[in-house]
Structures are given as structure tokens and as C-alpha cells.
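One structure below.
As written, the chains take the letters A, B, C and D, and residue 1 is the first residue of each chain.
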Amino acid sequence: MTTDALREQVCALHAELLRWNLVTWTSGNISARVPDADLMVIKPSGVSYEDLTPEDMVVCDLDGTVVEGRHKPSSDTAAHAYVYRARPDVGGVVHTHSPYATAWAARGEAIPCAITAMADEFGGDIPVGPFALIGGDDIGKGLIATLDGHRSPAVLMRGHGVFTIGDSARAAVKAAVMCEDVARTVHLARENGPVERLPQEHIDALYDRYQNVYGQ
Amino acid sequence: MTTDALREQVCALHAELLRWNLVTWTSGNISARVPDADLMVIKPSGVSYEDLTPEDMVVCDLDGTVVEGRHKPSSDTAAHAYVYRARPDVGGVVHTHSPYATAWAARGEAIPCAITAMADEFGGDIPVGPFALIGGDDIGKGLIATLDGHRSPAVLMRGHGVFTIGDSARAAVKAAVMCEDVARTVHLARENGPVERLPQEHIDALYDRYQNVYGQ
Amino acid sequence: MTTDALREQVCALHAELLRWNLVTWTSGNISARVPDADLMVIKPSGVSYEDLTPEDMVVCDLDGTVVEGRHKPSSDTAAHAYVYRARPDVGGVVHTHSPYATAWAARGEAIPCAITAMADEFGGDIPVGPFALIGGDDIGKGLIATLDGHRSPAVLMRGHGVFTIGDSARAAVKAAVMCEDVARTVHLARENGPVERLPQEHIDALYDRYQNVYGQ
Amino acid sequence: MTTDALREQVCALHAELLRWNLVTWTSGNISARVPDADLMVIKPSGVSYEDLTPEDMVVCDLDGTVVEGRHKPSSDTAAHAYVYRARPDVGGVVHTHSPYATAWAARGEAIPCAITAMADEFGGDIPVGPFALIGGDDIGKGLIATLDGHRSPAVLMRGHGVFTIGDSARAAVKAAVMCEDVARTVHLARENGPVERLPQEHIDALYDRYQNVYGQ
């Protein structure tokens, strides 16, 4: 895929964040790795979703330095860049403050794998990463360390919000959308009584099936 | 109704799942029995709702084997098929992970018939079926066994989500929409204090009236 | 206003119920008194909101008998008719099962006047009327008896939903919309701690000002 | 900016209040200071958002007296005017009854700065101002006194709702949108367990960075 096609795709995917109520004002961002290049395409900082055009997207190298673009890149660029450097298998990264998932993050509590949809998509609990300040590599490091111990493509960064990864930007967006969905359902379940984690053997069977059988 | 007309109807009904916020990404599915044939029309697996066209719908026999269609059918096909085999009166089946209903399912708790709208539509509590793994006949069996003991056209499958039935796909969609609606209202009621079930005689009177007098 | 103009107005107002999320599927209804006639215009039973046209509206006398129209009137017609007979000052009636207000109704708990917006619109608590079965005059009687003791144009019918009145259908719709709004805010407030009613003198001052100064 | 351009801008910004679900019916209002003049542009009282046109906007002096316009100004005009008199740095004021923020206001409880998005935008807790009756200078006084002790451009007026300020009307709207967003997230977090305030040093670092580095 060319960089221009990727700009268009990443720009268009931001509409999904709005549509599924994951973002408010300018609060979330998506990036994609440019195939066969040490580059990524990422949202500009603080630009509203309606005004975003493919030309607004910023191309950075994997240290987060702007290579092409008329805007400053997302203030979360360093975290995205760190993930691409550490994980060559990752093609897309998404960051949001989606409300239900961020509520779990604010308490520093992992979302227990209590429903089959979570076993399907996340293969277990959605874990909590450390609190880390924005700007340097701290978020990226905490994120990668937390991802390494779990199947989940989503991590709740403590006191902050959600990061998700995928082999493409679209896959990372799907993970962000489903993370908020299950965060909400398990939140609602817990409001009116205790919720039990599914047995590990069922989680394993569901995850295996969904990853290998579901879809076209 | 011809199979083509049914493809169109089932395709269009998926927009109702989105509109009433019952589904996220590609997570729900609708099927309809083809009249006077051992066939059903069902959503393809993992196709997004905006991309769905009538031609994408899959025609299966009542063992779930594809008869016509360019896509794999929904991963929940076995459950739909089981229902049509077991219940000749059923013309449509809907499955969702709608958030409030699934929250009750996650706790394994039936929704008590605490409001007149529930008595009208469901004739009593919305019951909980067993936990069952996807793929074989377990979901279908648990679903039918649970439906048999209740008036409700909706069942909460434990740790999973909602299945509804109807004499048509549209009726099953209505049941899914109303199930989420009452799941939410009774959830909200319970958050701020105890809720009492309506007296059985009132439930019976309301159900009888609604089934026989309401509508055109 | 002619009956035809009223059909158009009542039909159009149903879109407000959808827009403010007060209704699901076909669950709410609006009526208006025909000026200078013992007649009312009301929604037909069980017709979906998108399909509603001014011609679908039903004209009934104040006993609820159809005078004009090709459809059966709303199953709540008897309650609307009772209100118009009992209260010559009422020009419009609205009934919904809006979720937050119905949650208070399910518990049989009045909404305490804890915020200025409630004092403005409702002049105090939103009271709870008795549980009553649909069809005859029981809902209407309970509604009128409850309205008589309060300033509020909204009543929560126990275990059922909301009825509101106004000098016009539009005013009754506004009351239904604001009832759900304050039901939600006070519900949310109560979820995280106790909430106090405003002092009566402040409620009186706010109500007086809003009824006499606000708007054009 | 001319008064006409400002009328257009203030009118258009009201659509953002609707879009982000901060207002119901006619319940919120926005004003902007006219640059280099002791004037402000404000919403008319009780006009619905769809019907608003730039010509409907009212121009008042900073005592709240109408200078130009065919409508009565917002019933909150005195509070807006007070803020412009007391704070020459303020270019825009917004008032809403957004549900989650108003829920905190109903309890008279400040929103603790528990997530990074709050530290970014508000630099600490969102404070609670006194209960005050509408009409005179009481709301304005309480608002200014509360703003003076905090970095937050948002104040929760006890038992009432939210006021936000900004150097422009757009900035005040952003503060109102983000106030509701964080009010919701921290509300949700608190529903399922205790939430801790971020350490002051992290709040300071995040606020400093966001105010000076974020955006274009």
C-alpha cells in the first residue's frame, strides 16, 4: 500500500472512533505502519475529526520525527513509534480515552474475561499497564511490557486510557471498538452484582475458534 | 415469500440492530426461515453492517450447510438451524450481545418482570439459559430447553448474550429490541434500590391483552 | 387549529420522542385536543414512527371512540381521553416508557427536586401514581388524582412509565423530554452518593420565575 | 471579528452542544465577548436549537441590557455579563446542564482529577461553586470566586449545572464538552470502586505540557 493510500485509510478510520463513541472533541488517534519502510502515518495533533483530510495526516519515522506533513503529529506519537520499533508484527496502533474502558483504567483494574465476546477477541482479561507520563518512551515501554504477557491486543494504561494494536490500522480500530464494548458490558454486569471470569478452558476454546474460524 | 425477497428483508433488518444500539462492529446476526422449504437465510460471518447487501446473505439448509451464497454463514448458524429444526412455528431468529441484556447474562440472572412493558412483550421474566460453547448444537439445545418453560421469546445465554425468536424475522428483531429496552430499564431501576416483580395476575392480564388487542 | 393541521403537528411531534431517546420501537404516543370540539387526535396503535403520516393519525371523541381514521387508536387511548374529560385546561397528553423515568416508576419512587432544572419545569418532585391496568379508566383516574396534588405536569405511573400533560401537545412533549432529562441526572447523582432536595423557598422562587419570565 | 461574524460563530457553536449531548430541548447557552467593545453576543431565551439563526442572537452590553436583537436574551444573561465584567481575559462563556457534570453538581461534589485527560484540560479537580438563584449577580459572583482559586475553566454550580469560560467562545465550548466527558468517565470509575486522585506532580506536569505543547 502506498503512503497516499495509507493516509486516506487512516484518515477514514478516525470516523469509526466517532461513530462508536470512543472519542470526544480531538481526544483519540490512529496510526499505521508504512509497509516496507521505517515510517508511520499518524493523525495531526488537536485537529477536529470533521476537518481531517488525508493531506492532514503526518508521516513520521519510527523515532517520531516528521518526514512529511504540514502539521505537528499527535502528542501520542512517541508511544505509537515505540510500539512499531518494538513489535515488527504490528501494523496499526490506536489510542482513545473511551469512557467505560478509561473508567477501568482510572481504578487500575483489569477487565475480567466474563463474557464470550471477550474470550473471542481478547483471549482473556484486558490488562492494566503502568501509569506513565506522555512525551517520552514511558508509555510505549509500559505498553509493550504489558502486551507481552497477554493475548489481548488492548491495554488499559492506568489513570489514562486505552491503547490497542493490530496487524493493520483497521484491526487496531476493531480492537479499540470491541474493548469499549466489553468494558461497558462487564461494567454494567458488575454494577448489579458480582461477575465471574469464564473458566480458562472455555476461554481458550473460544479464542482459538474465533481467531481461526470467524469471518471470511 | 421468495428467497430473494427474504434476502432483502433479512439484510434490511440488520439496520434495525444498529439503529437501536444492539450491535457493535459485526457482532449480531439475523436469520429467517424460507417458507415451505427446509432452508434459512442468514447473515454472512464477520461482514460489517454497512457493506451488507441482499446478495451477501447466505442460504443454508436446516443442518447449517450452505446451499447458496458466496460467503461463509454466521458463526452462529448452528444455533439458528437447531431452533428451526426444533420449532416449526419459528420464522425468524436473532442473536445479539446487546449491552444491558448481556450484563444480566454475564451474572446469569433472569430479568424480573417488574414493568408493564415486560409483561406485555415477554409475559414474565426473561430467563437465563445455560453456558454453552459455540459451534455445535449446545447453544441451540440450551436455547430450546429454556424457551420451552417460558412465554418469553428472548433467552439470555449465560456469559454470552441474547437469542430471540419470532414467527418472522421482524418479530424476532422486535423481541431483541424490546429485550434490550427492558433489560436497561430494570437495570437502571435496580441500581438505586430494590425492584419488585409485578403480581402474576397482572402479568397474565397484560400479556393476554397485548398479544390479542395491541397493534393493527 | 383545524383537525388536519393538528394531525400534522401530532404526527411530527412523534419525531421528538425518537430524537430525545424516549421511545423504543412503537412504545410511546402523543395526543392533542381538537380546539372547540369534544375530540382528540392520537397516534394509531403499534405503527412504527418512520411509517407515521398525518393521515394515519386517529380522531376520537373524548370517550375514546374513533370518529375518523383508518387505524385503531393507541392502546392508551382511554387514559388520554380520561384526562381531556377531567381537565378542560389540558391540550396535549404524552405517554412514554423513557428508561430513566421508568426506572424510578419501577421502584415506585418519586424523583426528588434536587436540581434547579426540576424546580423550573416541575415546581417540585415528580410524583408517583398508582399501579393501574391498561384499557379502562384506571390509569386516567390515577393520573388525574396524582396531578391534582402537584405542580408537576409529569406523573410516573408505578411499574409502568410516564404520562405528561400540557396546554398543547408540544408542551406535553417538552414535559416528557425534560422529565427523562431530570430523571437521568438525579439517577446519576444518586448512584454515587446521597442527594438532597432543594429548599422549598428556592423551588418556589425558581418555579415562579421560569413560568413567568423564561422564553419569548 | 465583527459582531455579525460573531453572531454566526456563536449560533453555529450551539450545534456542538447538541452533538456532544450536553443539552436537552433549549437548556444551554453560549455567549462571546465582542472584541474591543463592552458588548457580548448571546443566545435568545427558550429558542430551540434547530430554529436558531445568526439573526436570532442577541447583542447585550455588559450589564445585560439588550443593545440589538429581536428576542429576549438567555435567562442566564446576568451570569455571562458578570463574568465578562470581572474577567477581561474571558472571551466566551458556556452554560449547560450536561447530565454527568450536573450529577456531581447535584451532590455538591468536586470531580477529582483521577485521569490524565482531566490534568491536561483542567489542571486539577473541577470545583463546586455555591448554590445561587438565577437572575441577579449571585451566580456570576459565585462563579468568579470559584474560578479564582482553581486552574479549571469549568465550575459546577451546586444543585444547578456547569459554567465554563475560555479566551473564545469555542474554547469555552471545548471546556464544556471535556467537562462532561471527564465527569462521565470518573462517575463510571467510581460506580465500581474507589478512585484515587493523580499525584499533584503528575497533574502539574501534564497540565503544563498540554497547555504549551498540544495542538497546532
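As a convention for this text, a residue touches a chain if its C-beta (ideal position, glycine included) is under 8 Å from a C-beta of that chain, and two chains touch if they have at least 3 such contacts.
Protein identities per chain, from UniProt: A, B, C, D = L-ribulose-5-phosphate 4-epimerase.
Just so it is clear, the structure is predicted and the values come from calculations on it, not from any experiment.
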Subunit D against subunit C, contact positions shared by both copies (same if over half, else different): different
Angle (degrees, nearest 5) of the CA superposition of subunit B onto subunit C: 90
Subunit A and subunit D, separation of their C-alpha mean positions in angstrom: 31
Subunit B and subunit D: spacing of chain centres that average the CA atoms, whole Å: 44
Residue list for subunit D, restricted to those that touch at least two other chains: 191
Touching residues (chain side subunit D, partner subunit A) in the complex: 20, 114-117, 174, 177-178, 181, 184-186, 188-189, 191-195, 198, 202, 205-206, 209-210, 213-216
Complex interface listing, subunit D residues touching subunit C: 24-25, 27, 44-47, 71-72, 75, 97, 99-100, 102-107, 109, 131, 133-135, 159-161, 187, 190-191
